[in-house]
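When the chains are written out, they are named A, B, C and D in that same order, and each has its own residue count from 1.
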Amino acid sequence: MERNVRYGAANTKYDPPPETDQSIMRITIDVKLDYTLSEEETVLLTLEAAQTDGQTVLEAGLEVNAVDQHRITGESGVGGRVCAVVTGGKLNLRYHASVQVSRDDTVLEQLAQMPLESLPPQVLTYLRPSRFCQSDLFTPFVQRQFGHLDGGAKIAAMRDWVASGLAYVIGSSNAATTAIDTFVAREGVCRDFTHLLCSFARAAGIPARYTSVYGADVQPPDFHAVAQVWLDGDWHIVDATGMGRAGALVVIACGRDAADVAFMETTWNATPVVQNIRVIQA
Amino acid sequence: MERNVRYGAANTKYDPPPETDQSIMRITIDVKLDYTLSEEETVLLTLEAAQTDGQTVLEAGLEVNAVDQHRITGESGVGGRVCAVVTGGKLNLRYHASVQVSRDDTVLEQLAQMPLESLPPQVLTYLRPSRFCQSDLFTPFVQRQFGHLDGGAKIAAMRDWVASGLAYVIGSSNAATTAIDTFVAREGVCRDFTHLLCSFARAAGIPARYTSVYGADVQPPDFHAVAQVWLDGDWHIVDATGMGRAGALVVIACGRDAADVAFMETTWNATPVVQNIRVIQA
Amino acid sequence: MERNVRYGAANTKYDPPPETDQSIMRITIDVKLDYTLSEEETVLLTLEAAQTDGQTVLEAGLEVNAVDQHRITGESGVGGRVCAVVTGGKLNLRYHASVQVSRDDTVLEQLAQMPLESLPPQVLTYLRPSRFCQSDLFTPFVQRQFGHLDGGAKIAAMRDWVASGLAYVIGSSNAATTAIDTFVAREGVCRDFTHLLCSFARAAGIPARYTSVYGADVQPPDFHAVAQVWLDGDWHIVDATGMGRAGALVVIACGRDAADVAFMETTWNATPVVQNIRVIQA
Amino acid sequence: MERNVRYGAANTKYDPPPETDQSIMRITIDVKLDYTLSEEETVLLTLEAAQTDGQTVLEAGLEVNAVDQHRITGESGVGGRVCAVVTGGKLNLRYHASVQVSRDDTVLEQLAQMPLESLPPQVLTYLRPSRFCQSDLFTPFVQRQFGHLDGGAKIAAMRDWVASGLAYVIGSSNAATTAIDTFVAREGVCRDFTHLLCSFARAAGIPARYTSVYGADVQPPDFHAVAQVWLDGDWHIVDATGMGRAGALVVIACGRDAADVAFMETTWNATPVVQNIRVIQA
């Protein structure tokens, strides 16, 4: 019989963050995932709200029917994963969190680009092309289209180009769709908008990373993806879809692209039975 | 007038490593690079021998005509970069090193695959697909071709498949060639052999990273690339070209693929005037 | 109100072919297609059994609710299309045919390759790479894998390689999947098997064309695709899936690849309501 | 010993065309090609000026050191090939022609698009995607970018988009570069400009074919490539590079893309020794 093991760090109460002048929003997340798996399966789960800049996890709980599990720090330093060993052919996962977000929308135009020699080592990796962001191939286009701009103004122009140049069409892309594919097809979902924006930024020498989030603003309120760009010595959230305000997003994890932050990874096929995500702005 | 700045850590003498039963080899590296650059250029250089397992840098010196430079730790934890600001439109670089290598050739067949739940966090990133290693697309092929094997025996079979399936043809690939391209074209150089082997390994759940090296054995003795795979709790060198023995290689740096460890990166075009690399086994 | 126009050539009785020693099979085809279209749409239909070598259409009828239609000869000289103008947002199509097939299975090994200078002009086009058959990229692989063989024996080896190397997985490919994609993924459907075989053949200098057929033998008995290769001065059917015997196939049309012989083409989206194809061996 | 065989149709004198109001230009072509080949090689040559609309070959001569040769009609109905069997490891080719061209520059804006049902059968093939023109993938972009325009005005806008959006960079593409690659890289040569324009046109339902020409206007005056689009019941030349006026072009052959009209095709590698093309406006 399969044991129901509670996740260790669950149901912790955190102290609320100090009050500031920033707009503060409380966001509640409820996730219910039931999957059919192979008989014994190790599952990587990257779906917990991160303790990171601009957001405080007030309370959170993760329950997985795992026989063994441990937490893994995320490679980016933001967020983490849970590695869970699940037997019996079924995954039953419940996650809930209450997160206080105090993050202003970025005014990109005021932010300066950092010269290559000023980039911290851990940021350099987000200049490189990656599986879904072939930034090296976009260099001539980016130079022609955005070469007259700099720093935050350049990112703003890229974001606007992506937002107006692509149609948001659910079902128009799949797990293998790259930024090149999206650039040609001119349609995609949040994943694809973000891949294209990250590719453009990196092609211009601006570090950009893919960030998985919960979006209270997006339709439907669900898993969402945005970019973070490195300007003026810090990461700044940019949503190329124009759907999510930074203040209504809860960051989960960061990576080079979608391949690094899939919310669930399994070795064998996993078939969803129930997949129910609710993100509510309190 | 441009200043000739010596690199800080240069010309250091290191203590020799303790003697062991392992075969010990001393390798001397001499690099001369002269390039034409734009008037002011920041150059990332990833060409110094790393202080890492199996090799000891006995003595090394790097001279670059930089007006400013600093060292950056490599993202993988192995090796590092020098970030150099060069003015006057010319790069003049001299690097020499003497390295003692004591590293046995890996007997892959004895090494066990680690289950996903036992992989350390910093190793997980080398399971992901990357710009030039689209491991996600190779899953069905790898399952069909190598699915009956495990761990080191599986890697050995992959190495042999790549070594016998590809022709080593200088000039057959370029900076944009991916593992998919190589899988179809069935030809390439060390970069491409390594990309394909890394892709296969990751598709089978075995972490694999791209490692830039100096090869005393390879023809010509020059920059070379090999894979490192994570088996039995450690990284092991595998050369899919069959050219370089682990004991005759000096590791420079590691990354997801060639994009992470280019020996020189510049923002604008750099035109080689002199490019002279000598790797001699003493 | 929409008129129901009968197709002119429909319901013709043809004389039966003379009897021979060959195995003779009678195949009955029934097609029912109902689609939702835009208000006015021109539809190209390539789904009638062809009057061509090895098969005789004994009786056939096509009904389409078109306000205007005409027949177009196929570019390959085999089969044809019906160009139908349909109004009212709905396509209702019925096609039935009775075809006598007398075609032996090809014994490939006995067939010789024709030298380039002996190929008739109209055959040359099937040496070229095409949208889904990038034969130019397969030259090194084909030379290494099949270079020791010639003519029909070479094609037989290619067919066997494809049949055993690919898994037949419904849903594993889509309308944009190319032979390169299939070569990597090692799975596909009849369309993909045929694209890969045609690519291999062309890469070896053997003309190969994509042939859409009705298959009585295949599961389910439905639209199917096979290759035709030019050997010994004639076209020969080769089914890389191994599912359909030449004697149980009814040829519809030929082209460079699937792009040339789609059974229905519309300018705007067409949504299937009913798609019912029955192919019965009498 | 190798025989020097003169090509049969060479050195013919043609009657001059009747005088008209059109601007008339006389163009002289001189081609000298020396190649190293394998010992016995069949070579397809597609480099003779075509007898076709808007141009009259006044005089022409082709000499090849072939032991056997014959002419093949081009698949498009325009131009032709010479199939030559060459022994002794060397190709020596001389071609000269004098061509009278009387062809006005197309005023695209006056030309109407033909509805699908009015297209002649032999034109349909130029609606299909091809190896280097993946028109099927450009449909959403073309609809968004050019959907408000029609017929010749649409083609003019596409030509202007390509001419201003791409940089003409010699060496930026190779024999495997596709329209998708060019769309991303935003650079190429005449071949790539033409592939992209043909892809756009086909994606909009306008037949477009790739046409190899001699250009007296282009720099250097040499082999060149332009598109022909089917509007108002005829083919019209469009040069997406903006370099060649229709009246200064001599058409050689037409195809779906560059794969169909390479000026020389061999089975094995051919190494150029001399490649000298002169196109002079008399």
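Everything that follows uses one rule, which is that a residue touches a chain if its C-beta (ideal position, glycine included) is under 8 Å from a C-beta of that chain, and two chains touch if they have at least 3 such contacts.
Just so we're clear, the structure is a prediction, and the values are computed from it rather than from any experiment.
Student: Would you mind naming the chains that touch chain A and likewise touch chain D?
Tutor: Under the touch definition, chain A and chain D have no mutual neighbours whatsoever.
Student: Fit chain B onto chain C over the CA trace and report the rotation angle, somewhere between 0 and 180 degrees, nearest 5.
Tutor: 180
Student: Look at both sides of the chain A and chain B contact and report whether the same residue positions are involved, with over half shared, or different ones.
Tutor: same
Student: Measuring from the mean C-alpha position of chain B to the mean C-alpha position of chain C, what distance in angstrom results?
Tutor: 49
Student: Cα centroid separation between chain A and chain C, in whole Å?
Tutor: 45
Student: What is the distance, in whole Å, between the centres of chain A and chain B, each centre taken as the mean of its C-alpha atoms?
Tutor: From the centre of chain A to the centre of chain B is 30 Å.
Student: Can you list every residue of chain D that touches 2 or more other chains, as numbers and ranges?
Tutor: In chain D, the residues touching two or more other chains are 137.
Student: Pairs of chains that touch, anyone?
Tutor: The list of touching pairs comes to A-B, A-D, B-C, C-D.
Student: For chain C, which residues are in contact with chain D within the complex?
Tutor: It comes out as residues 42, 44, 68, 70, 72-75, 81, 83, 85, 115-117, 121-122, 124-125, 128-131, 133-134, 136-137, 175-176, 205, 256, 259-260, 267.
Student: Residue numbers of chain A touching chain D in their complex, please.
Tutor: For chain A paired with chain D, touching residues are 137-138, 140-141, 144, 167, 180, 183-187.
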